[in-house]
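Some structures to go through are shown next.
Two complexes are shown next, each including subunit A; its partner changes from subunit B in the first to subunit C in the second.
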Partner chain A sequence: MQVDIQSLETFNRLARDGARSAAASLSELTGIDTNVEVTNVSLMAPADLRYEFVGRRFSGVHIGLDGALSGETVLMFDSEARAAVTDVLVPSDDPEMERSSVKEVGNIMTSGFIDGWAEHLEAGIDITPPDYVEGSGAEVLPTSTLAGDEQVFVFRSRVEAVSDAIDFRMCFVPERAALTSALEAESDDTVAFEKLEVFNEMTEQGAAKAAGNITSMTGLETDVEVNRLSFVPIADIPAAVGDQPYVGTVLEYHGRPSGYLVILFDRPSARSVVDALVPTETDGAWGEMEQSAIEELGNIMTSGFIDGWANVLETSIDHSPPQFVADMGSSIMSPVVGRMARDQDHAFLLDSTIETDDDGVFRCEIFALPDGDELREVLGELLVDRADEIHADPDEVF
Partner chain B sequence: MRPAGEPEPGAGSDRLKVSVADYAVAAGRTLATSGLGSCLGIALYAPESGVGALVHPMLPFREDAGRPRERFVDSGVRLALEALSAREAGPVEAKLTGGATIVRFEADPDGPVGERNVAAAREVLAAEGVGLVGEEVGGDAGRSMRFDTATGQVVVRRTDGVETVL
Partner chain C sequence: MDVLIADDSDFMRNLLREILEEEYRIVGEAENGVEAIELYEAEDPDVVMMDIVMPIRDGIEATDEITDTDPRANVIMCTSVGQEQKMKSAIQAGADGYITKPFQKPSVLDEIENVAT
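Let's look at the complex of A and B:
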């Protein structure tokens, strides 16, 4: 099955417009003004999606879709957003009224989200009555993401209030068959769905190799917790990474494909890495010795990551020496995406999170941004149609 | 991307966040943006009417008409000026921040994009007859900015802890 890249862009826009429409409905109903921060479509294993929501409480509505685009949507308010909505709509402290107001608001917002898709597909989308959902993490996710290990396409939007620290999320998981027929190729600008899956699996293997490099160099036991391939508007990438401070490395790789690799540690994790790598006591600043330690680790992690791609894609990929960076995540990404924005509107973003076992104390994010056209070309040349027919075994090449 | 002339989103709140490659126009409220690395934050202020615009472009010049105007310094500034003019805001002055070099790429024959963004902003503002009345640009640290359209004051906070009022 070929995925048409133009259609993917169109679908991304529909998701963004849908999120804006949902945000406008929220504003109309409650007076809470919002800004759509991030919209993207990701290909990921259901377990990785569930992991992202672990430990946070959400409430909202689940709505099933049928017709031109079957699947499931969940609109989730975090606890602060729920409180902000119910404060406006339910003056008294009545839990039943609060639930029904969340359900009603969620229903209206989801309708706004869906309308644009129906219009684009020029066909009706039937929706089931809304189900109120409330719970921690994965309990609120679409049921199709709760079982199985086949990768799913997830359309996600994160919407934040302009003045308060509240947000809500839209999560739309179309059924694979429905999505593939909707994305049916209209141009030559296509890439095989199965190859995207293979590439995503390869990247996870590469991230696992990079995690192994961290462990062997620092003694910190790490693992890849989340891995996803997203198709994202270029201008959304800095916001997707966020404003929190990071320390890490940025480098360019050249070959087929070329692109950028950004490895970011949160500050305490960067400090742990430096403490493990630099034997002498340091003064806590990011001096020359600390910077070169981070660069050296970045260099070794990159080799693990990039060599795997090159082996599987049967191409040669070189990389520049890593450059040390310490700044807010969004500022670090701005020159990188600035360069890509010269000739791309959307980009494939491969994002892997490496953490120590379940405690989240150590955290490292790897962002790989391959050139879109070159990635399409090399995937086009991959001599496989399905992951299980690939002639290179990931365990052998990584 | 909002076409100029559409109602401002969030007209009821006192702070409006401007995303990368976007702009907003407001009166009597604070416009804010963050994640300024090589990007620019350009505050355009019309003191007579108290209307302001904040533009957050990524790249210097728009060479392809198919690209979004908000993404580039030259077209983004002109877009915001058109929006101010549509509101009959009156004469405009500018304050400029951002344009840091956080990453130095090998293949940047024309110099780092942050520096080129700053040069482009000075050029387009001069060409449009807009006075540049304050700037805090360059260096190697990221920035966030708040622009109070009630007073024209711009506060720039760098990630190295330095705060500047323009």
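Let's look at the complex of A and C:
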């Protein structure tokens, strides 16, 4: 299967327009003003999608699609969003009526989401009656993501209310055969789906190496919990990273592909790392030696992350010395995406989350933003048979 | 034995110094490839621990120049980079050994003994 990049951009826009339409429907029904914060399409393992929803409770509607684009959609409200909706629509305390209202709101919003796709495909998309879903974590996700390990394309949107701390999410998982047909190559600008999958798996192994390097240097037991390859409008990337404060490193890599790599620790995790690397009393600020320790860890993690690409592709990728950063996630990402936006309006974003195995206290995010044209060229040359050749042993070379 | 450390990271130079100074004499610390070349010429160390990713001039270029000037120079690349093409470039530049970060103290000491004897 060849994935047509222009079609992917078009589909991403359809998802974004669909999310805006759904958000507008919600505003009309409830008076809650909303913004579409993020829309992207990700290639990821079902287990990684499930992990994103662990520990949170959602309610919403599940709708099946058939016809020109078959698959499943789920519209999910978190607890605050559900309460905001039902408070407006069902003033009395009537749980059954509350469920019914959520179901109807979800139905109307999902229809708004789907209509644009049908129009684009110039064909009908049949939808099943909505099923009310409620539960924790993965219980509300599309059923196709609850089993198996074959990577899936997932269109996701996150919509936030302008004035309230509420949000809802749309998750659309098309069937692979249907997507294959819909994304049929209309131009020469294509990437083989199989190679995208392989590249994503290579990246996960790179992230695992980076996680191992954290453990080697600090003694903190870590593992890769989520890994995904997303195709995202560049302008959405800062919002996707969010306004949480982070500490980490930014660097540019050069080669085939070139691009940027951003490694971000939340503040408590950054402090844990620094305390392990520079075991001296500090006043809480990031002193020179502490910044240097973070930079060096970023340097070593970066190599763990991108060396596999270079080895599989039988090329070399240089990177600049890492630059220490401490700011809100969106503020750290803005200058990076600003530089990339000169040449492209969509980007492939490789995003890995590293956490401690049990308590989730330690958290680190790795964002790789390769140049789009170069990544396509590289994927064109990628030999799937070499995908396991990610490690090079100096003892064998010297 | 005299050892020169070339690494742009304060943290890594500190770490290497702590590991090495019990066994060897540290004759200099360079923060980039240009400083490494200058300190090599000034100090004539027995072994250079050379990082690859450094500003101004990287470690492979610096190794190339040092071994051009002194073919008997012993240079160990001490780097996070684990790319086979870079390892081959390091060999071409005249490097004698290659250690990938993060490293353990014994592997560093073993590599120095292997290269210097």
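Heads up, the rule we're going with is that the second predicted complex is superposed on the first by the 382 of 398 C-alpha atoms of A that agree within 3 Å, B and C clash if a C-alpha of one lies under 4 Å from a C-alpha of the other, contacts with A are read in each partner's own complex, and residues count from 1 in each chain.
FYI, contacts are C-beta pairs under 8 Å (C-beta built on N, C-alpha and C of every residue); 3 or more make two chains touch, one makes a residue touch a chain.
Note that this is a predicted model, so its numbers are computed, not measured.
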Fit or clash - subunit C, subunit B, common subunit A: fit
Partner chain in contact with A:Gly248 - subunit B first, subunit C second, else both or neither: neither
Which superposed partner A:Asp307 touches (first subunit B, second subunit C, both, neither): second
Partner chain(s) touched by A:Pro130 [first = subunit B, second = subunit C, both, neither]: neither
Contacts of A:Asn35 with subunit B and subunit C, given as first, second, both or neither: first
Which of subunit B and subunit C A:Ile317 touches, first, second, both or neither: second
Touching partner for A:Pro370 - first (subunit B), second (subunit C), both, neither: neither
Vertex subunit A, arms to subunit B and subunit C (CA centres, degrees, nearest 10): 90
Partner chain(s) touched by A:Gly106 [first = subunit B, second = subunit C, both, neither]: neither
Lowest C-alpha to C-alpha distance for subunit C against subunit B (Å): 10
Residues of subunit A that lie at the interface with subunit B and also at the interface with subunit C: 320
Subunit A residues touching subunit C - in the complex, by the definition given at the top: 213, 216-217, 277-278, 288-289, 292-293, 295-296, 299-300, 302-304, 307, 310-311, 314-321, 391-392, 394, 397-398
Touching residues (chain side subunit B, partner subunit A) in the complex: 9-17, 19-22, 34-39, 58-59, 67-68, 71, 100-107, 112-114, 141-144, 159
Interface residues, subunit C side, partner subunit A - complex: 8-12, 14, 53-55, 58, 79-89, 91, 95-102
In the complex with subunit B, residue positions of subunit A that touch it: 27, 31, 33-35, 37, 160, 162-163, 234-236, 238-239, 243, 245, 250, 252, 320, 323, 325, 327-339, 341-342, 345
